[in-house]
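To start, the structure under review is shown below, and the notes come after it.
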Amino acid sequence: MSRPVLEIKGLDVDYGYGPGAVRAIHDVNLTLGRGEVLGLAGESGSGKSTLAYGLTRLLPPPGVITGGEVLYHPRDGGPAVDILGLDEAGLRAFRWAETSIVFQGAMNSLNPVHKISTQLTDVIKAHEPDSTQAQRLVRARELLRLVGIAADRLESYPHQLSGGMRQRVMIAMALALEPQVVIMDEPTTALDVVMQRQILRQLVRLREELGFSVLFITHDLSLLVEFSDRIAIMYGGRIVEQAPSGAIYRDSLHPYSDGLLHSFPALHGPRRELTGIPGSPPDLRAMPAGCAFAPRCPKAFDRCATEVPRLGPPDGHPDRSVACWLHPTAS
Amino acid sequence: MTITNHTPATAPSVPDGVVLEADGLTKHFPVPKRGRALLSRTPSVVHAVDDVTLTLRRGRVTALVGESGSGKSTVARLLAQLYPRTGGDIRLHGASTAVRGGRAFRRYARKVQMIFQDPFGSLNPVHTVRYHLSRALKVHGRAGSGKDGLEAALQELLGRVHLTPADNYLDKYPHELSGGQRQRVAIARALAADPDALLADEPVSMLDVSIRLGILNLLRDLKERLDLAILYITHDIASARYFADETMVMYAGRMVEGGDSETVTQAPAHPYTRLLISSAPDPDHIGTADREPGTGGAGDGEEEDGGEPPSLIVPPAGCRFNPRCPMAMERCRVELPPRIEIGDAPGHWAACWLYDEETAK
Amino acid sequence: MKYLLQRLGFYLFTAWAAITINFFIPRLTPGDPVTALMAQYQGQLDPQAVQSLTVLFGLDKHQSLWEQYLSYLGQLAHGDLGISFKSFPAPVSEVIGTTLPWTVGLVGVTTVLAFGLGTLAGVLAGWRRGSWADALLPVSTFFASIPYFWLALIAIAFLTGSGSFLPSSGGYEPGLVPHFDPEFIGSAINHSLLPSLTILVSSVAGWIMSMRNMMVTVTAEDYITVAHAKGLSGRRVMLSYAARNALLPSVSGFGMALGLVVGGTFLVEVVFSYPGIGLELVQAIGVKDYPLMQGIFLVITLSVLAANLLADLAYLALDPRTRREG
Amino acid sequence: AISLALVAGCSSNPGSANKGDGAGGGASGVLNVGMPQGATVKNNSNPLLPTSAAAVLGYRYMIYEPLAMVNLVKPTEPAKPWLASKFEWADNYRTLTLTARDGVTFSDGKPMTAEDIAYSFQLMKDNKALNTAALPIESVTASGKDVTVKFGTSQFVRQAVVLSTLVLPKHLWSAIADPATDTVENPVGTGPYTLKSFTPQTVTLTTRNGYWQDAPKIKELRYTTYSGNDAITSALTSGALEWTYAFIPDAKKLYTAKDPEHNKLWFPANLSADGLWINTTNKPFDNPALRRAMSLVINRQDIFNQASAGYFKPAVESITGLPTPIGDAFISPEYQGKKSEGDVASAKKLLTDAGFTYNGDTLQDPTGKPVTLTMTDPAGWGDYQTTLTIISDNLKQIGIKATPEKADQDAWFTAIANGNFQAAMHWSNGGATPYDMYQNIMDGAGLQPVGSPATNNYGRFDNKEATQALADYANAADESARKAALATLQRIFVEQMPMIPTSAGNYGAEYSTKNWTGWPDDSNPYAPIQPTQVNALDVVLHLKPAH
Amino acid sequence: MLANTKTRIGLAMLAFFGLIAVIGPWIAPFDPDARSTDLMEGPSGKHWLGTTHLGQDIFSQLLVGTRSIILVGVVAGVLATVVAVLVGVTSGYLSGPGAETMSAISNVFLVIPALPLIIIVSSVMPHSGDLMVALIIGMISWAWGARVLRAQTLSLRRRDFVVAAKATGESTFRVVVFEILPNLTAIIASSFIGTVMYAVMTEISLAFIGIPGMSPWNWGVILYWAQTQQALGLGAWWWFVPAGLAIALLGTALSLVNFGIDEIVNPRLRTAGRDLKTPAGRIRMRPGFTPVVRTAPVAVPATPVVKEGAAR
């Protein structure tokens, strides 16, 4: 990997503080390369959203970041910035200009009482206070055109747009300041496949044009495999496997990734056999002592129940990493 | 936990296996008039479902796929008699039925039960699992005699949906259950009536992939064990391929294609079905997310904007897909295409002028 | 359009029903205006005046209740509210005309003020939860629970009196002639200070509470998180995103409160001898002045309806989701 | 009783004196008069309408004047000729001949003539709605300076009412389409004042030129409405108000003590009595012995001190129910000086002699039923409510369980008129003779069965002798016949006690001598002091600047 | 609900008032009507809260008067709530002219001037006692609750679990009573408390302005007497202040309980933003700026780290 744009090191996130706190993210290390699409998958409740919001410090109370750092490398090659160390003003200035987010529900992400134009321009105004309103409007029109929406929709209210259009408006807004990183938390889950395809197509094109990196979260694995360059799989608040998407699809190392990839039917090709994952996700309040997946793992052995495996590159695969005792890491 | 395709691709239809039939089913929702429309005499309606014909057979799963808002849920609710229909007929075991409340509805509900899309919304948060299930049993007179009878019936019911030991679940409230467990309770409730037909409206769309599979396996298992007729409504065409014997495609309130699942998914005939299938994510196309869907047509911004679903208040004349169809002909804009047999597999049809002999000439 | 027609129909029906109720209930109670008036002037009036008053008020024509009702509706249709007994022969419209502005001026302005201040405080309390703003709540709850008249009387006892510039009663200095000159207006404002202060104290708490709760609810919405994520300034997120949305439910409450301005707070006027319509109503009830009672009830009903209509319209203006095209 | 239930407001000293347009009181010749009636909306100075502002505030008497001034505080005193320079009764008080005074002009400069006097009577005759005193006028004729009015019945007991008739300017009034409903915004009368300005809160009168007598010293009269007794109290103590009629609980502490030198009150009794009216059809209260025994134990001093704040309604001492000293002249010799108090023992004896028995402390009627009584008065009438509490306490001593209750004012009035009550504190009519009072209490002429409204005799006291005596008194041809009839009435009243008198009605007022002196009082009772009485004009004409 | 301190305090206060309502007349040291020779005296060992102008004991009046207040509040609250539930839920669940009429009626009741009408109506029935007054207040004050319940029912009836119950074959009655009503509990409770508060205030106002028909003693009556005797003007604060404070405390208790119910209805109110007590000091949690509290040292600090994280 060339120069990364975002480095997450040992991130811990808790819900609550002190006794009674629940650790939702454990010691997560993740690197987002420049211009890459990093997919994040995992069962519901595995901590994907927590990770995404945690690294931008947007977790709602009672979320608390209890450790680690998130380093952002500016595009001009300047010194890295620790997002977790920024004060409020610094954070405001950093946000959106460098990293933007597309949330899951576009209807809820847009303020119902303001026009699209207002919502597009106010972010520009906040970060480029010197710009004139006319300039901002020109930019807003351009942004809408970028995502394939007629500029006359600028004067619409969110409820006057269809779900797909709203989601595209959110994407346009995310790109308003040409950030380096766009985080997308299940951006298409609420849409039907045709619309989803349209949006993804646009996104891919825009990425080629603008060269931003994407952290893409979904639990639709077919989509993830198709869309992302690299995939990280989360389980119980930890990253359990990380690899280029083709590699993970064809040959997943962690039994959980394997189960996940064999839980969905494919539309084409021969009918694959589908294996589900038995059992239920772990309770964050009572995590197993060893590997969190051990109780559900068909291949678990003694060590799994006692020791937490470390994430690291397995033998012979320097470009991927896994946290599983079946694949002891090189170190 | 394995699904293998052991149902032959073309299962012979059992004529007397027909449980529920819809014939020319139509539902128009009145919409409040506003503005200038007030002055017009014609009532304005949402053409949510138009002329839908389908058949549910014993021991078979029929999938209904289509984009959001195409009227799938409305079909299910019509079949469950939760809405009065605007037109058409529903036949249960060959007898035409139209019930609205009261004992007749109860009798109908005993034969036809529905599972709702949202496992979080379809259980009353203030009642326990026991309440939900025992009410369903009592309403349909299947609670057995006395307390023990009821208890036995409850155990049996939870056993059917693999929620065992039943005692762990009976006194739980919905919020204490996981999504998959809730959906199982909802299914158990539907099964309490011992129905002949089960209408499952997107039973898994709100669930996680790994839980999804469990529910689908369960439904398949029930179909086989209890010889149920199942209507499976979904967005996820891949799951229809795996799970359903037969697949119907809806677009803007109309059926556009039908046939056995494998044929419909592997050799789609209608342009809309083709669009749908090509849009579905496919992990075998790694890194090619920007591939063009459908059979052709380059996409620039304007065309994408034309890709919006049509208005159901003023649906397009002729074939409803014609404004988006890359192969639309003049005829498509005027004349409504009838069901036309494709001929590549028995029972495969499409409502598309492409397959009309006249056009072919 | 249909919506508006429906609303209009609803308003008409409600107004009619309320008018009917307001007509019959007072009349079904025992007593009659003449004896009530005699009682009012006990001993001051010649006992023989009963007959002359009966003739004067037109009560000697023995109409059935139903006939009276019909003729009342007929009168109303012509915009005629009748003649007050109590202030005979002043037309009810004139009585209302002289008293209503005082009420609207005092209670109306104070209600608007209470709404404004309370909402503002609520926005802050909801936004900065866990700070000093939360301490506002218990205090305001206590004040909201005090019977208004009691608070007012205590205020009169302690804040007026020799040495205080606050008068204890009346709407303006007794010797003044109501007239738009600085002296009169100054006096009217001076006289309204204490009443409005007490109304403010006891009603502002409700607004604080409801606004705070709405703010708390709204703060958890996704679009607020988005607004933070966009790096907008804190003030803009609070006002333009959170408060703007949290305000919506309060609008209909505010409409209701505005409607109650006329009918709800007559104790204010009683306690402060304020020359408003509430005091007039109390006196009208005391002497069974049917026409005046009906007239004031009508004003109350209409003002509630009008306030609701306004709230509907305001909602329409504030919430684009309720706006309809075409 | 103090009406105006629905009032509150309570303050000792509002600092704001009446700065107004700089008029602080006497210095600039202003007298501030106040009434607790609430705002009067309409500028209407029609003196004949009891609801007009002029009547409610009492300023009508400063603009319009009566034929003669009757001083009801000294009812035996002859009436003082006013606009009629002479008047004469004839035909056993059925014919009144009046002579119009010379040199009297209306404020518009036109002279007052006999025509105007005749017109004033004719107006009442023609408009039932304006004949508030229900005078049975048969004919009115004017000839030269004389006017002759003929009545259907003897007006002996109504002399004062007849003579108080106000004289209206015919030349203006005959142009009014409907004198009952049309408003009089610019009143023109013979009185010394004219209307200067009207606002619902304050009405200002100012002196005019050409008044027929010595012009009053007070340049301006200012009538202000207050919405209650508390507001009045604070205005009084602050000096914003100098003359009013209102009940002040604990007036000594709240009012007089604040400025003993100037804050004065004078509450002379009139010839009427407040008391506990009893429904005499209700067993066992139809028994006079029971009523008399009750009267014996009721503590009138407590009522005077605690309910009337020691001033408002003078206690009635005389057993005849007539207030003293004003009624002294009418009390027959056998009852002169006899007071109605007794002790518990004599009351009990009276009862047991009449067949009542005691079961422990409980009084039982001759049939053996415990004697209970419900006493009702409107809720807002604080002094009557207090009185009932005291009476209830008093009656407990002789074993009667008497419960005070509050009622809605209107409902109560209806109940009283219809006889649907057991007992109630209520006033009686009053007038220039005891006739009004006794007639109000005992007249059988208009006796109504329980359930039909009565205008007199709410207690349904049925006594032929009393009825006859009342008729005799009203129509008697000479003084001795009257005396005899009055003696009969007193005897019946004392023996039967149809109503238990507790206190007297009053003609009182609170007033300040800070700026103006010359007010009537015990030492010089030249007129009733109440500002809404016709004699208010007489009072104003007597006032002089204090400095 | 009990976990909430505010609610617990409120309930404790209510329980205290309830107790006084029951035993007040028995523990009152004097007959509240009885006159004595101690006229207008301030608080003393004999008369804890002083006496009236007739020498009556104000403390006893306060104790005896509690019952009427609680009775009227509860009865009116129950009545108004029952009517509101009947009208609101039926008109919300059913459609058609009947339901429309019901909702129109509740709108009419919203519009008519309540307090003046209560004054008028209560005068029709003199000697009616507390119950009658409670009934009148209840009958006139249900409309607001009905409107809220109707709105909520309208949204509930479209919810899947209601449709599902119907699809199961439940009768309309059972759907309304067993599926919808339990989901309205919190709103019903909160509207009940609101009505109780309103009824108490109304009763006191009525008694204060001298509307008859209530029991001889309640707090409003005490204030009425204090007012007609101008207690404040005479400096007899003991006559005026205790009853007013009692009312305010009762109202506060009801509001406190209502807070608890509000939080049940709206769980978001529950997760109140509390301060974090961290080794580095207090940190406020607020949306949009997740606090960073690093408990473990960071291996390689690349940029200076502001330890306390969330800035003001």
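Letters A, B, C, D and E name the chains as they come in the text, with residue numbers starting at 1 for each one.
As a convention for this text, a residue touches a chain if its C-beta (ideal position, glycine included) is under 8 Å from a C-beta of that chain, and two chains touch if they have at least 3 such contacts.
Nothing here was measured: the structure is a model prediction, and the numbers come from that model.
**Student:** What are the mutual neighbours of chain B and chain C in this structure?
**Tutor:** A, E
**Student:** If you average the CA coordinates per chain, which chain's centre is most distant from that of chain A?
**Tutor:** It is D.
**Student:** Count the C-beta pairs in contact for C-E and for B-E, then report the pair with the higher count.
**Tutor:** C-E
**Student:** Let me have the rounded angstrom distance from the C-alpha centre of chain D over to the C-alpha centre of chain E, please.
**Tutor:** So the centre of chain D lies 48 Å away from the centre of chain E.
**Student:** Report the inter-centroid distance (CA atoms only) between chain C and chain D in whole Å.
**Tutor:** 39
**Student:** If you average the CA atoms of chain B and of chain D, how many Å lie between those two points?
**Tutor:** It comes to 90 Å between the two C-alpha centres.
**Student:** Need the CA-centroid distance for the pair chain A / chain C, whole Å please.
**Tutor:** A distance of 54 Å separates the two centres.
**Student:** Chain A: which residues touch two or more other chains?
**Tutor:** 53, 58, 60, 88, 91
**Student:** Two or more other chains touching the same residue: where does that happen in chain C?
**Tutor:** 29-31, 149, 153, 156-157, 220, 225, 227-229, 267, 270, 282
**Student:** Under the touch definition given earlier, write down the residues of chain A that touch chain B in their complex.
**Tutor:** 43-44, 145, 148-150, 162-165, 191-198, 200-205, 219-223, 225-227, 229, 245-246, 249, 259-260, 263-269, 271, 273-278, 280-281
**Student:** Mind listing the chain C positions that touch chain A in their complex?
**Tutor:** Its residues touching chain A are 220-223, 225-234, 236, 240-241, 244-245, 248, 318-321, 323.
**Student:** Write out the stretch or stretches of chain E touching chain B in their complex.
**Tutor:** These residues of chain E touch chain B: 159-170, 172, 174, 178-179, 182-183, 185.
**Student:** Over in the complex, which chain E residues touch chain C? Could you list them?
**Tutor:** Within the complex, chain E touches chain C at residues 104-105, 107-108, 110-117, 119-121, 123-124, 197, 201, 204-205, 208-209, 223, 227, 232-233, 240-241, 244, 247-252, 254-256, 262, 266, 268-269, 272-275, 284-289.
**Student:** Which residues of chain B touch chain A in the complex?
**Tutor:** Spelled out, the residues of chain B in touch with chain A are 1-5, 67-68, 178-180, 208-210, 212-214, 217, 235, 237-239, 241-243, 265-266, 275-293, 299-302, 304-305, 307-309.
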